[in-house]
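So, here's a batch of structures to check.
Look at the two complexes coming up: subunit A is in both, with subunit B in one and subunit C in the other.
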Partner chain A sequence: MSQSYNRGLIEDFSRWKEFSAGMWAWIFHKFTGWMLIGYLFTHIAVLSSAIAAADGQTMMLAGEEVNAYTGTLQGLESLFIVRVLEVGLLAVAVFHILNGIRLLMVDLGVGLTAQDKSFYASLVLTGIITVASVPTFMAGVGL
Partner chain B sequence: MSTQQQEPESQESPQDPEMKGAESPQQRRLKEKQEGMVDEHAEDEAEAAGETVHIKVFRYDPEVADKQEPRFDDFHVPFEKGMTVLDAVMYARDEFDSSLTFRHSCRQAVCGSDAFFVNGSQMLGCKTQLSELEQPVRIEPLPHQEVVKDLVVDMDHFYDQMHAVEPYFQDEDTPAASDLEEQRQTPENREKIKMSSRCIWCGACMSSCNIAAGDNEYLGPAAINKAYKFAMDDRESEEIKEHRLRILEQEHGVWRCQTQFSCTEVCPKDIPLTEHIQELKREAVKKNLKFW
Partner chain C sequence: MAERYSSFTTGGTAWFLQRVTAAFLIVVLAFHFFLLHFVNHASEITFAGTQARMENIGYFLTMVLFLIAGAFHGVNGVYNALVNQGLSGTPKKVVLAVLVIAAGLLIVQGVWVALVMRGMI
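Presenting the complex of A and B:
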């Protein structure tokens, strides 16, 4: 054997059309996990305006003087894009929770033969919950 | 497949004139049977019509100048009823290009030599019917292993991992041979390890595993399954089971599995690999849990 050929990462993401349910579940779980970590940082940044509010800092919002925390939150909530992102956050969190339960069952050795069905179920449930949440999240905000 | 399906008239289920309208269970069964056989008729017709199967085979040979750059070769193999992927590449080798290289031996899914990457999935060439595949059938060597030539991959690493779990019975405390005593296993215990003992070392699972691809030290599904076979065997003593678990619970052992189920999907012997790996994870946790 003089020489051999390394095909590298063949089969990996370029062949996504051939991925099975378990593989998709893994990819989505990783993706949603990273999204939630990213959200945590923005969450901390927004909440830290409460420190400024405690120091008595105020800001102007729609001609009214409110404290920094209320102003920040209300300012964000009035933005259409923030509402869309909130729906996205809910979708990400719900999928991560449902697939987390699925993985818990897999770890306990329960229903491993139905692992693909439970993945589809968590996808469908995520979709239903997300769609159902849209009226609540989008209430009172215009484009 | 492009074959046209015609209902042969001679194969009609016998009609009872008095049972017209209502379908008897027998008629229903006959109908079901006939529907199940449609594929076979299609195969017969495909064979009779002299149809060919289009296969695209991965070619690479470091010793031939124009094959040093990997490429795909197209072959049109005459279809025969019941033809497998292995039959097709064998025909291509025998009739078209004798330099086409691949491993095969028993041709009945026992030796585990002919695991290929067919249409984007690891499978045994001898166990895969061409009629079930979309054409052109793309036949490649197993991914994540070095290609030696054409469809032949370097299996050394796979075998190293298999040997790393000490896949042999280790109990010193066996009954004396002079007493002609047998070392018996209970039927229940035999059932428990039955599926794990079906492994034929084809390497399809290891090749399909995304984690094994990125972590060369990971034992891989096949080796862990082999360890499961011995760790779950009651005839070995507790001490040896603990020794086995010590190998498995290391950083690159069972904990690398992230339950993608890729190995379970591709295993040609239907071994529930993920299930076995998960059970060993639980065993490893149980062994280390201390309440004091």
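Presenting the complex of A and C:
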């Protein structure tokens, strides 16, 4: 059943016009994966302000004294650019989840003949979920 | 049969654990996004609210497992992607050591933060 292919050097991105759906899925999955693990380190760093908060450290937020954790998180959330980045993070996470489900199915041998269609479905669904989430993600923040 | 693209050698332990953590992460990552963006809006998160959530032992353990699974899945993914791109020899060993240390520090820091949020430290 297993069959080997001479796929050439996939990492040669100048061949992008020759890439098939499965190849794009693999590249997007890798790219979104790098973003997500990078974010995880940032996320834990930001949440570490809980240590300062538990220690009694406070800061000023919009003229009010709040603990370091609430101030750090709400301070970041008050920035328009952070909200835009969060929408980007959602898009990246949703694609990685949906394409991940697709990969698990490919590994289980389910729907192999539709693997290109399921990649396109992942992309479309990611787009829809991301656009539908924009109002919630951008609520209460202005430029 | 359709062409198959993966950075992993099928059937290995790294491959298998990547799939097991993937199945767990699919559910918990979706739950995490839903809870902290739609049920509780990210901009309204407070230390008191986080402490209240972390008081629930099930939630606390899920978040700790989420961190461990995420750190492993991410670092294992990065390592296999690099090996797949041709990383070998001493650089491969150095990269593996750096990634293991980075993931270890991330987990230690994250668990420390989680324990503080739960009021246990």
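Keep in mind that, in the parts below, the second predicted complex is superposed on the first by the 132 of 143 C-alpha atoms of A that agree within 3 Å, B and C clash if a C-alpha of one lies under 4 Å from a C-alpha of the other, contacts with A are read in each partner's own complex, and residues count from 1 in each chain.
By our rule, a contact is a pair of C-beta atoms (placed from the backbone, for glycine too) under 8 Å apart; a residue touches a chain by one contact, two chains touch by 3 or more.
Bear in mind that the values here come from a model prediction, so they are computed numbers and not experimental data.
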item	value
Partner chain(s) touched by A:61 [first = subunit B, second = subunit C, both, neither]	neither
Subunit B versus subunit C as contact partner of A:107, first or second or both or neither	both
Subunit B versus subunit C as contact partner of A:140, first or second or both or neither	second
First, second, both or neither for A:70, with subunit B first and subunit C second	second
First, second, both or neither for A:18, with subunit B first and subunit C second	first
When both partners are placed on the shared chain, which of subunit B and subunit C touches more of subunit A	C
Contacts of A:123 with subunit B and subunit C, given as first, second, both or neither	neither
Partner chain in contact with A:26 - subunit B first, subunit C second, else both or neither	both
Touching partner for A:87 - first (subunit B), second (subunit C), both, neither	neither
Subunit B and subunit C footprints on subunit A, overlapping residues	1, 3, 5, 7, 10-11, 20, 22-23, 25-26, 103, 106-107, 112-113, 115-116
Complex interface listing, subunit A residues touching subunit C	1, 3, 5, 7, 10-11, 20, 22-23, 25-26, 30, 33-34, 36-37, 40-41, 44, 47-48, 50-51, 53-54, 67, 69-70, 73-74, 77-78, 86, 90, 93, 97, 100-101, 103-104, 106-107, 112-113, 115-116, 133, 136-137, 139-141
Residues on subunit C engaged by subunit A in the complex (per definition of touch)	1-7, 10, 19, 22-23, 25-26, 29-30, 33, 37-38, 41-48, 50, 67, 70-71, 74-75, 77-78, 81, 85-86, 102, 106, 109-110, 112-113, 116-117, 119, 121
Subunit B-facing residues of subunit A, complex	1-7, 9-12, 15, 17-18, 20-23, 25-26, 103, 106-109, 112-113, 115-116
Contact footprint of subunit A on subunit B as seen in their complex	60, 62-63, 70, 117, 119-121, 140-141, 143-144, 146-148, 154, 208, 210, 213, 258-262, 264-265, 272, 274-275, 278-279, 281-282
